[in-house]
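This structure is in C-alpha cells; I'll ask about it shortly.
Naming follows writing order (A, B and C), and every chain is counted from residue 1.
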Amino acid sequence: MKLVRKSGVQLAALVITLLLLPFITDALLGRGWVRIADFAMLYIMLALGLNIVVGYAGLLDLGYIAFFAVGAYCYALTGSPHLALAFPMAFPDGVHLSFWIVLPLAALTAGSFGMLLGAPTLRLRGDYLAIVTLGFGEIIRIFLNNLNAPINLTNGPQGISRIDPVRVADVSLSATQNIFGIAFPSVHLYFYLFLAFTALVVIVSRRLERSRIGRAWMAIREDEIAASAMGLNTRNLKLLAFAMGAMFGGASGALFAGFQGFVSPESFSLMESIMVLCMVVLGGMGNIAGVILGGVLLAILPEVLRHSVVPLQQALFGKTVVDPESLRMLLFGTALIVMMLYRPAGLLPSRVRRRELGSDEAPESL
Amino acid sequence: MPFRFIHPLLLAVITLALTGCEKSPTTNSSITGQGASGELVVRIGASAPLTGPQAHLGKDNENGTRMAIDDANAKGITIGGHKVRFELISEDDQADPKTATIVAQKLVDNKVSGIIGHLNSGTSIPASKIYNDNGIAQISPSATAVNYTAQGYRTAFRVMANDAQQGRVLGEYAAKNLAAKKIAVIDDRTAYGQGLADEFIKAAQANGAQIVAHEYTNDKAMDFTAVLTAVKGKKPDLLFYGGMDAQGGPMAKQVKALALNLKFMTGDGGYTPEFIKLAGDAAEGAYASLPGVPLDKMPGGKEFEKRFVAKYQPIQLYAPYCYDAVNVMIAAMQKADSVDPAKYLPALAGISYDGVTARIQFDEKGDLKGGAITVYQVQQAKWQPLETLGAIAPVAQ
Amino acid sequence: MEILLQQIINGLVQGSVYALVALGYTMVYGILGLINFAHGEVVMVGAMLALSALTALLGMGVPPVPALLFSVMVAMAGCMVLGYGIERIAYRPLRHASRLAPLITAIGVSIVLQNLAMMIWGREYHSFPQLISNDTHNFGGAIINDIQIVIFILALAIMAGLMVVVHRTRLGCAMRAVAENQHAAQLMGVDINRVISITFMLGSALAAIAGLMVSANYGLAHYYMGFLLGLKAFTAAVLGGIGNLRGAMLGGLLLGLIESLGAGYIGDLTGGFMGSNYQDVFAFFVLIAVLVFRPSGLLGERLAERA
C-alpha cells in the first residue's frame, strides 16, 4: 500500500513537471530550448522504436532512419500542395488529408517497408545484417532524392515544403493558441503532442517487453538456435520485430513532417541512423528508461555544448581561444568515448544485461 | 504505469533545467536596451554550416557578415536618434534542416533584428517559417532554390540570383554564345545542383541545343571517371556541371585525363579559387557564372576584396553577398529610422542599394530584381569576366 | 567497345582504392571481430600528414622522389601511432563489453579525428602536388595514367605481402591464433595485447598508404574525405567476406566494377528510367543479392553460430 502511494506521488510529480516543462524552459532558457525538447521527444520515440529491433530482438539495424523518412514523406505527400505538380488533374490543390488519418497509414507503410527489409535479411547476422540495413537506408534515401523524374513524386533534393500543420480538434498547432486565458505558443503545443505520443510508445514498449512476444525476442537475441529449438518461429518473430520498430519510426516521421513543415532527403542521412543507434546503446539497450535517457542526452548535448563552449573558454582563458564550432563536435565525440568507457553496457543497463556482464564470459550476442 | 522510469526521467528533466546554469545569453539587453555608453545594441543573426563538409564556405559567409558589421560599427551609425552598435550572433546550422530550425529559434530568442542566412536552400526554407512567424527579416546570401521566396513570406529575401535566373542565363549562353549543339549535364543531386541543372537544361533546349546525356554524382564524390566515360560515348561539345567547386575542380581534371574534347561549364558554385587549385591546368578555359557584377566594376568592390583578404583569407565564394546583405539591411533600418523589423521591412522591400556585387533591388517575392549575371572564364589560372548578362547591369554612376 | 574497356579500367582503379582501405578493415575484423569504424578517418589523417610533410619538404627544396618517400614514412609512422592510440584508448577497455560498445566509441573517435583535422588543417580543400607523372597510356582507345597503374599494382602487392605475413611468419601465426581463440592463444604464450596492437598498427600503416594514393590520384585532400571512402571500403570488405584478405581485394575490385558499370549502363538497362543517380542503389542491390545467397560474403568462412 505504502509503496503504491509513494509511486503515485512520484508519478504525479513527474506528470506535473513534464506538463510545466515547456513553460519553465521557456522562462529560464528561452523558446529555442522548448524546440530542442520537442526534437528530443522525437528522438526518444525513434530510439524506443529502434530498441525493439536492436535491444529486444538483437538485430543490428544501421538504416533505421529510412522508416522515419517513409513516415515523414507519407504525411508530406498527403498533407501538402505538392501532389498538384505531379497529378494536376486528380489533385488540383494537392492532397490535404487530416493528420489523424495519415498517421496510422504512415505507420503501416513504414511497417511494410520493415517487412520488406526483414525478408531478405533473415539469414544474416551481426555485421552482415548491419551493412545490408545500412544499404537499405541509403536506397530509400536515394529514391527519395531522385523520384522527381519522370514523375515528380518526391520533388527530389528540393524537398517538400508547405506541409499542413497538425490539427487537434480543428485547432492548428502551428500558431499560438489561447486556452483558458493562457497563451500556448506553437512549440509548446507540439511538446504536449509529442509528450502524449512518447508516453504511448513507452507504454506499448513496456507491454511488449513483458509479453510472450517480447520474451521470445529476447530468447532469439540470446541464442537463436536454442530459441528455434524451443519451438519459436524465429522467422516470423524477426519480421515482426522489424515491422514493429518500423511502425514507431513511421509514426514519428509523420509527426516530424507536421512539426517541421518541410522535409527533404538530407534530413535522413546515414549519420542520423547512427545517432539513433548511439542513443539506444549509450542509454542501455533493452532498457526503456536507459533508452529515454540516451535520447535526451544525445539530443541536447550538442546544444548544451553550443551554449557552453564560448562562456567556458572565456571563463578559463579570458577569451575565445578555439573556434567554438569545431570544439563543440570535438567534445561531443569525446563524450561518446568517455561515457562508453565508463559504462560499457550503457548508462542504465537492462537487468538481463547487467547479469550477463557480471559473469566472466564475454557475451557473444550483440 | 512503470514507476522505475521516473528516476531517470526526472534526472533527464533536471539535466535539461541545469543546462541553464551553463548558458550565458546576453538577454539582459534587448533590441531597445541601451548599452553601457548609452548606445543602442542591435543584434544581427547569422547562420551557416561551420562544421561538416561545407564548413569552408560557412566560415567565409561568417567572415563576410562580420566584416560588414565591423565596418558599420566603425562608421558609427545613428538610428532613431540613438548611436547604434551592431552585434553579430553567428550559429552553426551544420547544413541540416532540423538544426537550422533550432538555430533559428535560438536567434529569435536572442531578439535579433535581422538574419543573414542560411547558406543552403535546404536550411533557409524550414528556418524561413520561424523567422516569418516572428516577423524578422531574413536575407539569404546564397540560397538559390526558387521555393525559398515562393512560399509567400514577406520576411524572406535574397541577394543572390535564384536557380531559374542563373540557369536561364547559363543555358542561353551555352547554346547561343558558345554555339554548343550537343550538351551533356551532370548534377550532384543536391537542392542547389539539381535546381540549377534543370533550369540550365530548359534554357539550353529552348535555344536549340540538344541534351545528349544527363548523368549524376553526389556532393562527397571524388571519382567521376564512370559518368564522364558515359558522357564521352555521347560525344557532346559542352559539359555543364551543377554543383560545387570541391567536385567541379576534380571533375574538370578528370575530363582532361580521359581526353574528353569539350567545353566545361559550371555555375556560381564553381567560381572559386578552389576550383582552379583543384583542377590544376585542366581549369584553363572553363566557364562559370556568378550573379552580380564583377567586384572591380562596382564602387568599393576592389577595396572590399583587398580588405577582406588582408583580414581573413582569399574570398571563397559568398562573402561579398553576405557583406551586401548586412549593408542592405542596415540601409533599410536607416531609411525607416528604426531597427524594429516591423518598421524597416517595408523599407527593405522597396530599397535600392549599390552593393559590392550589384545594385540590389527586390521584386515582390523578395528575389533580386533584374539579376545581372556575369560569365567568367579561366584564363592564365585566373577567373576573368567575359560578359555581364541580365536585364539591368548597374555600374557605378 | 572502347567505352566498355574504359569503364572496366575506371572500375578497377576505383576498386583498387576501395581494396586498399578494405584490407585495413578486414585485418582488424579478422582478429578482433570488430568493425573499426574510425578506419576511414585514419586514411584521411594519413593523406593529410603526407600532404603536410610533402609541402614542407618541397618548400625546403628537397627533390620530389626523396620527398615523396619521406612523406610516406611520416604518414605511416603518424598513422601507426594513431592506430595504436585508438586501440589502446577506445577499444581495449571494451574488449569484453557488448559488441556494440566499441561501435559507439569508434563513432566517437571518428568525430574527434574529423574535428581535430578540421582544426589543424583547416576547412578548405587542399590540392595535392603532382609528383608521380600522370602520363597517359592508350589501351585500344581506353586511357590509363601512371598513378592509376601504381595504385592497382600496389593494392595487389600489399595484399600479397599481407598474405605472406599472416600465413608464413610467427607474427602471422600468433594473429591467426588470436583470431581463433583469444584465451587459448594466451595460454599458448601469445601476448595477445601485443598482437592486437601490431595488427592495428599494420592496418593504420596501410591506411596511410591508401590515403596518400587516393590524394595523389584525385589531386585533393580534405578533412571530410575519410567518411565516404571508409563506408565504401567497409561495404567492399563485407561483400568479399569480412575477415578474409583475398575477400577484401575481390570485394573492392568488384564494388569498383559494379559502380562504374552501373553508372555507365544502368540507363540503358532500365530504358532511361534510372540513371547514374541510382549507382549506389545498384551497388547495394548486388550486395544484398550476394549476401542472400552467401550470407558470409563471397570468400567468407561460414560463421553460422557466431552472432
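Descriptive notes on the structure:
Here, a residue touches a chain if its C-beta (ideal position, glycine included) is under 8 Å from a C-beta of that chain, and two chains touch if they have at least 3 such contacts.
Keep in mind it's a predicted model, so treat the numbers as computed, not measured.
Across the assembly, the mean Cα position most removed from that of chain B is the one of C.
The chain pair with the larger count of C-beta pairs in contact, out of B-C and A-C, is A-C. For this pair, chain A with chain C, the centres built from the Cα atoms lie 32 Å apart. Chain B and chain C have Cα centroids separated by 35 Å. Annotation for chain B: residues touching 2 or more other chains are 51, 55, 189, 216. For chain C, the set of residues that touch two or more other chains comprises 115, 118, 277.
Shown for chain A are the residues that touch two or more other chains, namely 145-146, 323, 326, 329. By the touch rule above, chain B contacts chain C in their complex via residues 51-53, 55-56, 58-59, 189, 214-217, 220-223, 225-227, 229-230, 232-233, 245-246, 249-250, 253, 257-259, 274, 277-278, 280, 316. Residue ranges of chain C in contact with chain B, taken from their complex: 3, 6-7, 10-11, 13-14, 17, 115, 118, 122-125, 127, 130, 134, 136, 143, 145, 214, 218-220, 222, 224-225, 227-228, 259-264, 267, 275-277, 279.
Only residues 54, 58, 60, 120-121, 123-128, 130-132, 134-136, 138-139, 142-143, 145-146, 150, 224-225, 270, 274, 277-278, 281-282, 285, 322-323, 326-327, 329-330, 332-337, 340-341, 344-345, 353, 357, 362-366 of chain A touch chain C when the two sit together in their complex.
Interface residues of chain A facing chain B in the complex, by the touch rule stated above, are 7, 10-11, 13-14, 17-18, 21, 24-25, 28-37, 39, 145-146, 148, 156-159, 161-162, 175, 186-187, 202-203, 206, 260-262, 264, 266-267, 288-290, 292-293, 296-297, 300, 303-304, 306-308, 311-312, 323, 325-326, 328-329, 348. On the side of chain B, the complex with chain A involves touching residues 1-13, 15-17, 19-20, 22-25, 27, 50-51, 55, 91-92, 95-98, 101-102, 105-106, 108-110, 121-122, 125-126, 129, 133, 145, 147, 151, 189-191, 193-195, 216.
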